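Before anything else, here is the set of structures, which you'll find just below.
Common to both upcoming complexes is chain A, partnered first by chain B, then by chain C.
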Partner chain A sequence: MKNLFIAILAVMLISSVVYMGCSRKDASSIVQGNAASEAYVPPGEYDEFYAFMSGGFSGQITAYGLPSGRLLKEIPVFSVCPENGYGFSEETKAMFQTSYGDVPWDDSHHIELSQTDGEFDGRWLFVNANNTPRIARVDLSTFETVEILEIPDVAGLHCAPFITENSEYLVSGTRFSVPIPQEDVSISTYKENFKGLINYVSVDEESGEMELSFQIEMPGFNYDLARNGKGKSHGWSFLTTYNSEQAYSLLEVNASQRDKDLLAIVNWKKAEEYLAQGKANTRQTSYYHNLMDHSSHIAESTEMTTSQILTPADCPGMVYFIPVPKSPHGCDVDPTGEYIVGNGKLSADMSIYSFDKLMAAIEQEDFADEIAGIPVINYESGLHGILTKPGLGPLHTEFDGKGNAYTTFFISSEVVKWDVEELEVLDRQSTFYSPGHLVIPGGETRKPFGKYLVAMNKITKDRYLPTGPELAHSAQLFDISGEKMRLLLDFPTKGEPHYAQAIPADLVQPNALKFYPIEDNTHPYVAKGEGQAKVERNGNEVHVSMTAIRSHLAPDNIEGIKLGDEVYFHVTNLEQDWDVPHGFAIQGANNAEILIMPGQTRTLKWQPRRVGVFAFYCTDFCSALHQEMSGYVRVSPSGSDVPLMWGLNDENHSEESL
Partner chain B sequence: MNFSKPRLLLLLASFLLIGLYLFPLWRITLEAAQFPGGLRLNIWISKFSGDEGGGNIINNINILNHYIGMQDIEPDAIPELKYFPYVVGTMISLGVLFVAVDKTLGYFLWSAILSILALLAVYDFYLWLYDYGHNLDPMAPIKIEGMAFMPPVFGEKDLLNFYVRSYPRLGSIFLFLSVAVSGLACWIKWKDK
Partner chain C sequence: MMIKYVFSVLGLCILMLGCGGSAEDSTNSASVEEPEVVADPRGVGEVKNVTLKDPLEEDRISNGKAIYEMKCSACHKLTDQRVVGPGWAGVTNNRRPEWIMNMITNVDVMLAKDPQAQALLEECLTRMPNQGVSIGDARDILEFMRQNDLDQVGSKDQAINN
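On to the complex of A and B.
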């Protein structure tokens, strides 16, 4: 009996040890060396890199520091942000205007930093909206969204906004083909009616302003991801497609039947020539261009009504296809511009194309087929080679500038390092779990900075303390300076980062704006001093030009507001120093609060619902007497004869005093 | 014209005063936890300045000072900033004149006037600082019994959350050198006589 007891105990102990060993990767077995100190940035010191991560379903962008993984800021882009009033203030509402009306949310996927000569220049950041197709520009001196351009006649702008090496264009493609122009047709007429567009948005060299230059009408496939050539391949774009089966239902099966899909290859310099020759058709359409004025800080929305369409059948030499193994996802070009990696997510192998061979095949018209007037290059003719069985589910590849590529494998949950020239696997490291994109600072440019790699994982499971059914997504930082990749750090991320780009802080930090010079403020309701603070009535519209400075709002007593009025609080922050924002909130506001940066004017609309006296206050802890920074509005019944009056410290003004 | 040593020295002393237009005279630095690197107020012969890109230093200091009821620093209301440049200009002209005349009395007169002016300037600076530090608004949000907020004329001092440093800058050094060189000129002139 006693022996039996001991035997059972022994079995339980052994099995529990085995169980623990299997259930969760022990950090000590995967973290080597002094990883903690390598990702540690001491208090008061700065990170070496900024990493800008898309927010996925949050619609925003987050800025992290690398190597620490510290969250620096969430930049609101495609989703309204009650936290600072973006999308709620009168100045920013127009940023959300689209041909569908006001669209207050989106799904942001791919970050592209502006480039000069194939290297990051630290000026702007571009990001796509997947759901209601748009591209936004963020100014990297202010970390604020300053422009949003809608892309017409496409659906699911996943394949965007890939930048060319001198920021000439942002290239994008439709993820879902749709009838063009939109019309009421049966979904089963997909093959005859549905088309895809590849879009070229030009970027102004000086201002960064975007303009839809032209669109190329393509067969109705799903255009998934793209990259542009660099160096010798500059002037060309490469886009992966899936669903060349042209399925319109149960795509997971019906779009996964063919052994190969297609890589689209676009000669955009040729497209520019055809455009100049007038080969484009002008199509009537509708899309919006929303631009923030950098002096008034007011966004203006303009409807655009035409688009230039180029058709490959009319423009020989502009577009080619080459087969790529089974449902490819990412399409990545190495720093030399010679190799194009097709990440065939359902294939066991990866196809790597050679730009020189592609050009030779085009020269020799080494074509296997033609689809809608687009020549299909023979698969073998364009191939540099095949990386056989590197892992399962290759999604995205980045480069370290030393001849190595790093690819994420979603299904086998790992990052694999391989030699691009030799097509040889050099190292593999597990990720936790299932990485989507990865980022190496400068990893898609002509000059990668190497050093670090961040894998952005889609599945988190047991990596952090549990937070109910919904878990934060997880990023993992690897040191890639040596032969083997070394895991340094896990950190949770906001929203669902898809792609990210990382840039040395030196290229961004020196341009950081500390405050907006108030002398440049051209807002129509600005008050550039307390003497200019006033209240004006225009019918039932009341405009309050209010000032904020430590630690009071002026005016802070307002009377003569009546039920039925629409009150606009135009608050100017008079401060001219760094890190002194003020906020403004009023009880019962049906929108949000506003944060006002120094030198800026922001407007909150308020419709009083009840008679009484209502408090407003500064929401951003600005000073030792922040709690005193408040005021009252008296609301009288409609038709009341209480005169309009405002003041500060019992120095009152009325309309007669204006 | 005979360019003797004392004449050249007095000429040099006069021209050294040009430095007063080119460089700030004094600097008051305010250090506090919230202001990494400190806030710097440079006092020039005719204006104030702060750090490049740091915004309007006078406004930023006035915002902080209003909590203790200190009156606003208003450069337009400080007459010295208007007439000091003329006083210094007059001294330079007078110096050149005395060099031309080359009388011993002129040397001593110039040196004495400049020394007295320099002392008066420091005393005037003290009076302004005393006024800012003591003449406080009785309605101030922060009142501390018996506490004055006068920054030091020369040296360092704790003022509430700020550690204040006040030291001369290059402009004052030019003034001091001018006084010294003119004294030397007097001495040589006197000795040669």
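On to the complex of A and C.
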């Protein structure tokens, strides 16, 4: 076994050297035909697809246009963003609340778009935080993060947030098993004390709001990736595991000992029945649910204290295992819902399971073993077949809806197209270099749109002009409309995109909000019109209700602020037109700036540190007179008798005028 | 006038960005198209004919005032003082009601095509923003302007036959 591992490592090294050594001269020969014009979107025209890529260590999401590869927007999700004040403004701070306190960064991995009847509906986007386990929801009418739900008692929420075909649930699993509940035990008691949880978060059909519905307590393996059934397999979830060895040190070797790890198969409709029958145990825990109010634009954070736990041993027929060749990673279900692809990273072959055969094996109790009350289905009994030697290091698979699957091979650095039914390799194309995930528009749904494939490569090396030791990751666009895949374009990406999903623009574009109606703004410090602009003192707290419109801020002269005050600038953007945000920045602010969308109110807290007169200004170029959009705050010594005064254009107000 | 207009809207951007392209290459096509000179005193837009009543309609005035305070007052005073935009005193004596409502509800097209709107932009130098006001609400604002004209200058609706 060890020899095989070393052999694979050797192949990995050699193949990397080979691929990286020869690629530069190969690059021109691999682009055929008029690739440039096929990826070219002329000025003023729109891309056909949105591709939403996770940001990995950036914690954010980026939206690209396909086929052009043009970056449309970076959406802040799990990391604070001083560029627009996300996480710094008073309204958005609560989005980062967790049971560990304020956590201003995370590692975002997998994008899941909401689905209806197994197809994208263009309403919401969900993404996971790997490090401090959370799931976020982005509203696709505003492209803003509107909700973040912490997942309790798990560690490394890599296996998330996989969606069911009517967005009933987001399924996730713990990457690192841990003591549950957490306790002070020796790491060497892993087998005895460590458990894994598979989590089901429900999604409200109307509002999209998430709620932790139940958790299933599983053996202490590493749950890696998942997919849900579709069509005939709707109601089931499939999750790969690695480290069935239950190693807790040098996993690289010790979690790679066995020939096979396990695929967990969960009947979540059965789980719902057990939940309804009261089979769940209520466990005390702590996790936070952070929700942005769509009228006040203020996030509220709520601590949740209980979780419903189902245990497989008490719930027969709810969970099964089936072996998967060595250290599986990706787990993907084809558009018909019949075939489940298990990719063993260290296996030269790929196992493809048949849902019908799995169901028959369960029916006939064709089991080889049992682990913690969970039957282990005989490997051969659930197998549709094996794709032999398709490449090295298979990771992820997507589908084109025409019976073909496309799998990335990290070690041999290629994408391989194969026939799912016939288990036959049809085409292979090199990528530059070492792809992780890939995405085909709708490639995990019941009706893929096909047409393009984007490989998200983990290693960039010589693809672009060098930028020092750190390089942007590369994405590569292939045309998959013909028999052979054709490379059209590669483009740099932000952070480290792991997974992405792509959706036709016409499912998202018509719903795009252009501004927030100011009539609907319920922020407690909104100034709906300049007449409501004011300054109020409450002890050492000073609240400035300020308005912004092209091209002035009101009030723009403020006096009577004293050292020791905490000044809250609540800025309302009075504009009611598209693409007219205003910004607000003030010298010496120890946090960030804020960008305020039309009709919205955002608040920046400022603690003056010095006596004097300080300028503030609009940071988002808004008009020909943008440079004039500014003002002054006078800061007096603590205890000074300078009265509170504010005004614009010599129309001044004081507290008596309120 | 056209040259001045283009300069005022785009000149700064072109100078600052150094893009040096011709006006036709710029992105904001609505503001650089050769304006079709239409001296229609009713302006350009959906509002073709407004029926005014006397006495003034109080419901409209109060709603119009609320919208004014929320969406217009940052730039328009009720006196004849120009701040960002012109003061409103006497506006119904100078502009037809249709022109006023088209300016409120169709401002981008008005600034591209209506000579009177363009003359105002030359004077004020800040494009009047589209404030997302419906035609019904614009009618209420008009009613509030009529009341304001009575309060400020003692007469109203003098431009009705322009």
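Methods note: the second predicted complex is superposed on the first by the 633 of 658 C-alpha atoms of A that agree within 3 Å, B and C clash if a C-alpha of one lies under 4 Å from a C-alpha of the other, contacts with A are read in each partner's own complex, and residues count from 1 in each chain.
As a convention for this text, a contact is a pair of C-beta atoms (placed from the backbone, for glycine too) under 8 Å apart; a residue touches a chain by one contact, two chains touch by 3 or more.
In this text the structure is predicted, and so the values were computed from the model without any measurement.
Peer 1: Quick check on the superposition: with chain A as the shared anchor, is it clash or fit for chain B versus chain C?
Peer 2: Aligned on chain A, chain B and chain C clash with each other.
Peer 1: Return first, second, both or neither, reflecting whether A:630 touches chain B, chain C, both chains, or no partner chain.
Peer 2: neither
Peer 1: Could you look at A:554 and tell me whether it touches chain B, chain C, both or neither (first, second, both, neither)?
Peer 2: A:554 sits against chain C, while chain B stays out of touch.
Peer 1: Quick check for you: in the superposed arrangement, does A:528 touch first (chain B), second (chain C), both or neither?
Peer 2: After superposing on A, A:528 lies in contact with chain C but is clear of chain B.
Peer 1: Mind working out whether A:577 is in touch with chain B, chain C, both or neither, as first, second, both or neither?
Peer 2: So A:577 meets both chain B and chain C here.
Peer 1: So, A:515: does it touch chain B (first), chain C (second), both, or neither?
Peer 2: both
Peer 1: Is A:354 contacted by the first partner chain B, the second partner chain C, both or neither?
Peer 2: After superposition on chain A, A:354 lies in contact with neither partner.
Peer 1: May I ask you to decide whether A:301 touches chain B, chain C, both, or neither, giving the answer as first, second, both or neither?
Peer 2: Touch status of A:301: no partner.
Peer 1: On chain A, which partner touches more residues: chain B or chain C?
Peer 2: More residues of chain A are touched by C.
Peer 1: Per the definitions at the top, what is the overlap between the chain A residues touching chain B and those touching chain C?
Peer 2: After superposing on chain A, chain A residues 515, 549-551, 575-577, 623-625 contact both chain B and chain C.
Peer 1: Quick check on the complex: what are the chain B residues that touch chain A?
Peer 2: Counting only chain B, the residues touching chain A are 53-56, 59-60, 63, 67, 141-142.
Peer 1: Tell me, which parts of chain C touch chain A in their complex?
Peer 2: Residues 8-9, 12, 27, 68-71, 73-75, 83-84, 125-127, 129-133.
Peer 1: Which part of chain A faces chain C closely enough to touch in the complex?
Peer 2: 44, 515, 517-519, 528-532, 547, 549-552, 554, 574-577, 580, 623-625, 649
Peer 1: Taking the complex as given, what residues does chain A use to touch chain B?
Peer 2: Going by the criterion above, the answer is residues 514-515, 549-551, 575-578, 598, 623-625, 628.
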